[in-house]
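Each of the next two complexes has subunit A plus one other chain: subunit B in the first, subunit C in the second.
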Partner chain A sequence: MTLIQEIDYGTPASKSDKTVTLTIDGRDITVPEGTSIMRAAMEAGIEVPKLCATDMVDAFGSCRLCLVEIEGRNGTPSSCTTPVADGIKVKTQTQRLKDIRKGVMELYISDHPLDCLTCAANGDCELQDMAGAVGLRDVRYGYEGGNHVKARDTSGDINAMWMPKDESNPYFTYDPSKCIVCSRCVRACEEVQGTFALTIEGRGFDSRVSPGMHEDFLSSECVSCGACVQACPTATLTEKSVIEIGQPEHSEITTCAYCGVGCSFKAEMRGEELVRMVPYKDGQANRGHSCVKGRFAWGYANHEDRILSPMIRETVSEPWREVSWDEALTFTANKFKSIQDKYGRDSVGGITSSRCTNEETFLVQKLIRAGFGNNNVDTCARVCHSPTGYGLGQTFGTSAGTQNFDSVEQTDVVMIIGANPTDAHPVFGSRLKKRLRQGAKLIVLDPRKIELVDTAHIKADYHLPLRPGTNVAVVTSLAHVIVTEKLYDEAFIRERCDWDEFEDWAEFVSEARHSPEEVEKVSGVPADLIRGAARLYAKGGNGSIYYGLGVTEHSQGSTTVIAIANLAMATGNIGREGVGVNPLRGQNNVQGSCDMGSFPHELPGYRHISDANTRSIFEDLWGVQLNPEPGLRIPNMLDAAVEGTFKGIYIQGEDILQSDPDTKHVAAGLAAMECVVVQDLFLNETANYAHVFLPGSTFLEKDGTFTNAERRINMVSRVMTPKNGYADWEVTQLLAQAMGLNWNYTHPSEIMAEIAATTPSFANVSYEFLREKGSVQWPCNDAHPNGSPIMHVDGFVRGKGKFIRTEYVATDEKTGPRFPLLLTTGRILSQYNVGAQTRRTGNTAWHPEDVLEIHPHDAENRGLKDGDWVRLASRSGETTLRAQVSERMSPGVVYTTFHHPVTQANVITTDFSDWATNCPEYKVTAVQVSPSNGPSEWQEEYEAQARQSRRIVHVEPAE
Partner chain B sequence: MNLHVPGAGVAERAGEIARSMLGMEGPLLPILHAVQEEFGYVPEEALPPIAKALNLSRAEVHGVVTFYHEYRRNPAGRHVLRLCRAEACQSMGCDAVAEQVKQALGVDWHETSKDGNVTLEPVYCLGLCSCAPAAMLDETLIGRVDLDVIREELAEAGR
Partner chain C sequence: MSHDKIVYMANQIAAFFNSQPEAQRAEGVATHINKFWEPRMRRQFFEKLEAGAAFDPLVVKAAELVNRPETA
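Presenting the complex of A and B:
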């Protein structure tokens, strides 16, 4: 194992098809037109000295180190800013160039500390490397003059040019004394991340890197994505972990375990200690970028709250008792068996995790179908993107997004519906912003003024601030404009879709009640915005739609997905680069957990459980009879538990008590069960009601694969020994063995082989193939040997694209005199989902608690000021939190996140759900907001119950 | 040096100025000039609303403001006296004049006299090399300056 060193070509690759041949240092080199001389040289293995150039940002030409000579041209042009030309002869090393470079380095080093031996960047410092490369032996200018290095000069006077270290960011430090003002950090923040949080302040010798307006990093606009730290050639911006531990000695490529973007990282290690996570340039989802979560927020893996021993208890009022794995697994197996003996085969079930690997998910559903002998398996996609599965399945024939993330580079018009990529899918958000800065147009459908509506260098062309719950009306109205103004793509529809169905749908959407003027009355969106947006999407070139949970988590979630698919088909925006329908999936492996047969009605690969042929594939392999009837969904399991017919559940890596709607109902369901098994890193909220706790392992502690939002199967690598003793797939296998199943997997690759053997869309996937290719997007089989970056290229998977009528039905959750506001819920950049991981990292510096965003008008009516405690009440329950008065909200709409268990936002949400898939209506709850003094009764009771339930008795080992 | 207590309305007013000039090509520098005209300097509180109006980050606006010495970060005296220190003026003895002026006003570069009347700033070439040493009092160029000329001009400018 070695440290993976990626080649820095100095400037980005040119995408030109034309090639140019030139000679560098006597060698003929052929490269695409537009390539810089620096990059061309590096591609041939000739390294031109450089400091301000790096291939993540455009050439800048400020350091004057990369100068070259070109035969027949005057002067010494910089190789980073000079493009190649046919036939030119370039020299990178001449006496003149050597003298210039040495002189430039002398100037740099005359204002740089000489503490290399004790510097955190020692061994990873480009300035040091370049001093070596140019043969610097002496600095004629000395070190005594004006400088930024020393706090006091030789006479003890304060040096006004010196600035202290900024350690405000939890993860990295800014040491201005080491800065060479190459602007790489500033440009990375602008070009890669798109936040523009950094600048060079002053001029000449006064020039300094400044976060915000000479602020510290934490209070500036910085979002802590780490791009600047990665770009810095010196120790000026350095990870605190590197300062503390030292330079890593080996690294492994792995995949981030946070959101559905699925970024590839190098896990850089010292032995089994993780030093840092660095985004991997060859990562096909992230292309070398990262966000604060994946880059820095991995400290939870070593957090003291992690539970490392199995624990059991007879009743949830008892404290936990630490036991051996053997005892815990036997206890669990016996419980499940006795429950099934007493209450019947269908009285137990399980929940797979969208946080675990494909292989682990596959095993959990296999345990339930083959071991428990029923289909009572569900997953958290139930509460997020199950309508995507249904809607896209019905219209296109596959339950997944149609594009890869690279596709965004070709798009001309982007429509974002109910998604907030810069917070929830930050790396995709940055890639999208880059395209928008190049001129792509943007339409945003969201009740909130999300960041993309108006932020540095980004402005939405249309923001449709619709009332929560009116998605179907608005999207259907967009279709109304497209159809009635004949903006649809008839040739595409005739060729690729069912024309009769289109005509039926066109007649439906053309009805006057779907006109923007009528829809304005229910949605609150001005009619001219709907018309303008529809015209832009239909005729603005490549139109792509990206959507999130603001679409799916509604009583008409599936209908909106169908309406979106209709729009894309009607305008011919399917089946090539730059277009498509793209669900932004929330969790790292929520796509994978759906693919792996986590739903009660589907076997892996979205094949219905009632299909005898599919069943027989698994029955033959597993040697069991499978039940042809779909099992229970999560809400049904809880209902059945309350009714007394469902008694035991195995929950791997999901915190349903915090994440699922109507917390009190979930609690009642769990409390009614006789055996609740929770497998997790921490004693999560659900574990308060558990009888068995099986410690889980982190993504750093296991091999496997995650499938991201673009259907990309990425490798996950074990870089350290599981602290709890076993990877999660091993725990499931041990439980299966305890229940008498003959499972003997020795490595997750064997599980993938079983998936490939049974699931046509994964037929050609293997670990060898993934290692060779880096990653692959399913379907990957003989028909698509290299996977499928873009789907539906030559026709829809289901045959003809299907247009379906989308009737708008208002939700039953209505505002009234008692609950006059609409609550919608969402995410924030620094926290992830229920926060179990991110709350246990430095990310709490940005978001220590959930807050309620409320429009100034609504706040004033209630006598509320920014920062006041408020009581938030709905028909389901109430909680308290602090208010944040914000013009990002529309009047009448309030917003909060659900990252913190103290707030328990889901006490408020109701159990209304999507008509097709039971996906809960998180995004619409009628509420009232009023001033408050402190925690609600529920919060106090809950806190007491949680404290009671988390007691652990540490038993002394027997002599 | 004057101590500045920012008025409550700075941000609002700066935002108004910025929005009123959005139609210009390259509006940031003219907006900053207008803000300086209004407040006598460019208050830090003025930058976020300007950034918002122009769809920029506040870091970017800060970078621009600090790049140009013309934009003041603090309030100046009633008058601003700029003494040229570029090559031609140096050859004609501007450094000696500068020392005299500093003593007479009791200030160093970038400082304001105790009575709040004059702020002294260096400048690097006023384009008046033929009449070196050159100076500029507020908007008026002055050639062949010495301490007496400066005194006269200041007296004429009034208090």
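Presenting the complex of A and C:
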């Protein structure tokens, strides 16, 4: 094992098709037009000294180290800013260049501390490398003059130039005394991240990097993505973990276990200790970028709250008893068997985890189908993107996004519906912002003024601040404009779609009740905004739609997905780069968990359980008879539990009590069961109602694959021994064995082989193939040997694209005198989902509690000030939290997150759900907000129950 | 929440298919229920249907096409 060293070419690659041939140091080199001389040299293996250049950002030409000589041209141009030209002859090393470089380095070093031996960057310092490369041997200026290095001068007086170290950020430090003002951090913040939090303050010798207006990092706009730290060539910006541990000695490529972007990282290790996670430039989803979660928030893996020993109890009022794996698994197997004997085969089920690997998810559904003998398996996609599966399956024929993330670089008009990429999918958000700064147009449909509506160097062309619950009306109205103004792409529709169905749909959307003027009445969106947005999307070039849970988590979630698909087909925005329909999926492997047959009606590869041919593939391999009937979905399981026909559940890596709606109903369902098995890292909220706790493992402790929102299958690598003893797939296998199944997998690659052998869209996927390619997007089979970056290229998967009418039906969750406001929920950058991981990291510095965002008018009417405790009540329940008065909200709409169990935002949400998939309606709840002076009754009861339930009796080891 | 979930869910499905072309409506509702409803849900569905619960007329029409689960 070695430390993976990525080559830094100094400047970004040119995408030109034309090539240019030049001579560098006597060697002929051919590169794309527009390439810098520096990059051309590096591609040929000639490293020109450099400090301010790095290939993640554009050339800047400030350090004056990369100078070269070009035959026939005057002077010594910088190779980073000078493009190649046909036939030029470049010299990178002459006496003149050597003298200049040495002089430049001498100046740099005259204002730099000489504490190299004790410096955190020792072994990873470009300044040190360059001093070595240019042969710097002494500094004639001395170190006593004006400097930024010493707090006091030789006479003991204060040095006003010196600034103390900024340690405010939980993950990295800023030491101004080591800064060489190369601006790499400032440019990374602008160009890569798109936040513009950093600047250079002062001029000349006074120049210093400054977060915001001379603030500290934590108080500034900095979002802690880590791009600046990665870009820094010295120890000025350094990870605190590197300062504490030292430089890593080996690394492995792996995939982040947070959101559905699926960023590739180098896990840089020293022994089994993780030193830092560095985004991998060859990562095809993230292209070398990261966010605060993936880059820094991995400390939960070593958190003291992690449960490492299996535990059982007969009833949930007893304390937990630590037991051996054997005892826990036998206890569980016996419980499930006796429940099935007593209540029937269908009285148990399970939930697969969108945070676990494809292989682990596959095994859980296999255990349920082959071991339990029913199809009562579901996954958290039920509560997020199940409508995507239904809607895109009906219209296009496959339930996944149509593009890769690179596609955003070719888009001209972006429509974002019910998604907040800069918070929830930050790395994609940064890539999108880059394209928007290049001039792509932006349409946002969201009740909230999300960051993209108006942020540094980005302003949405249209923001349609629709009333929550009116997505179908507004999207259908966009279609009305496109059809009635004849903005549709007739050639595309005639070729790719069913023309009769189009005509039927066109007639439907043309009806006057779908006109923007009519829809304005229900949605609150001014008609001219709907018209303008429709015209821009239809005629603005490559139009792409990105959407999130603001689309799916509604009573009409599936209908909105269909409406979106209709829009893309009608305008011909499908089947090439820069267009498409892109669900931004929430969890790291939610796409994969759906692909792997986690839904109760579908076997792996989205094949319905009623199909005898598909069943026989698995029946032959597994040696069992499969039940042809669909099983229970999560809400149905809970209903059946309350009714008394569902008694046992195996939950891998999922916290339904906190994440699912109508907490009281979830709690009642769990409480009615006789055996709840929770496999997780921590005693999560669901575990308060569990009888068996099986310790889980982190993504750092297992091999496997995750599939991201662009259908990309990425490798996950084990870099440390599981602290709990087993990877999650091993735990499932042990449980299967305890239940009498003959499973003998020795490595996840064997599970992937079984997936490939049974699932046509994965036919050519293997660990060898993934290692060779880095990653691949399914379908990957003989028809698509290198995978499928873009789908529906030559025609829709289902044959002809299907237009379907989308009638707006108002949700039954309505505001009234008692509950006059609408609550919508979401997430925030620094926290992830139920927060079980991120709350156990330094990320709490940014978001220590859930807050209620409320418009100033609504706050004033209720006598509320920013920071006040408020009571939030709906027909389902009530909780208390602090108010944040914010103009991001529309009047009448309030917003909160669900990251903290103390708040339990889902006590408020109702059991209304999507008509097609039962995906809960998280995004619309009628509420009232009023001043409060303490926690609600529910919060107090819950806290007492949780405290009681989390007691553990530690058993003294025998002898 | 106090509404009857089986009736409510069936009527939600009917609300969608009621807007589809006439010929696809009843079959659409029935296919949806057959594809996604576990047998005990369909059993309850028929019990409520026979008890005269407040189903949308389209649901009632579609019921002929819904697969009757084997009795438990």
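Convention: the second predicted complex is superposed on the first by the 959 of 959 C-alpha atoms of A that agree within 3 Å, B and C clash if a C-alpha of one lies under 4 Å from a C-alpha of the other, contacts with A are read in each partner's own complex, and residues count from 1 in each chain.
One rule holds for everything that comes next: a contact is a pair of C-beta atoms (placed from the backbone, for glycine too) under 8 Å apart; a residue touches a chain by one contact, two chains touch by 3 or more.
Just so it is clear, the model here is predicted, and its values are computed rather than measured.
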item: Which superposed partner A:Thr195 touches (first subunit B, second subunit C, both, neither); value: first
item: Touched partner set for A:Arg203, first subunit B, second subunit C, both or neither; value: first
item: Which superposed partner A:Glu629 touches (first subunit B, second subunit C, both, neither); value: second
item: Touching partner for A:Val809 - first (subunit B), second (subunit C), both, neither; value: second
item: Partner chain in contact with A:Ala44 - subunit B first, subunit C second, else both or neither; value: neither
item: Contacts of A:Trp915 with subunit B and subunit C, given as first, second, both or neither; value: second
item: Touched partner set for A:Pro600, first subunit B, second subunit C, both or neither; value: second
item: Partner chain(s) touched by A:Gly344 [first = subunit B, second = subunit C, both, neither]; value: second
item: Per-residue touch tally on subunit A - higher for subunit B or for subunit C; value: C
item: Touched partner set for A:Ser876, first subunit B, second subunit C, both or neither; value: second
item: Common ground on subunit A, meaning residues reached by subunit C in one complex and by subunit B in the other; value: none
item: Interfacial residue positions of subunit C with respect to subunit A in the complex; value: 1, 5, 9, 12-13, 15-16, 18-21, 32, 34-41, 69, 72
item: Complex contacts: residues of subunit A adjacent to subunit C; value: 344, 346, 375-376, 504, 508, 555, 558-559, 600-601, 608, 610, 629-633, 636, 639-640, 645, 662, 665, 804-807, 809, 875-876, 910-913, 915-918
item: Partner subunit B, residues of subunit A touching it in the complex; value: 195-203, 206, 210-214, 220-221, 454-459
item: Touch list for subunit B against partner subunit A, complex; value: 44, 47, 51, 55-63, 66-67, 69
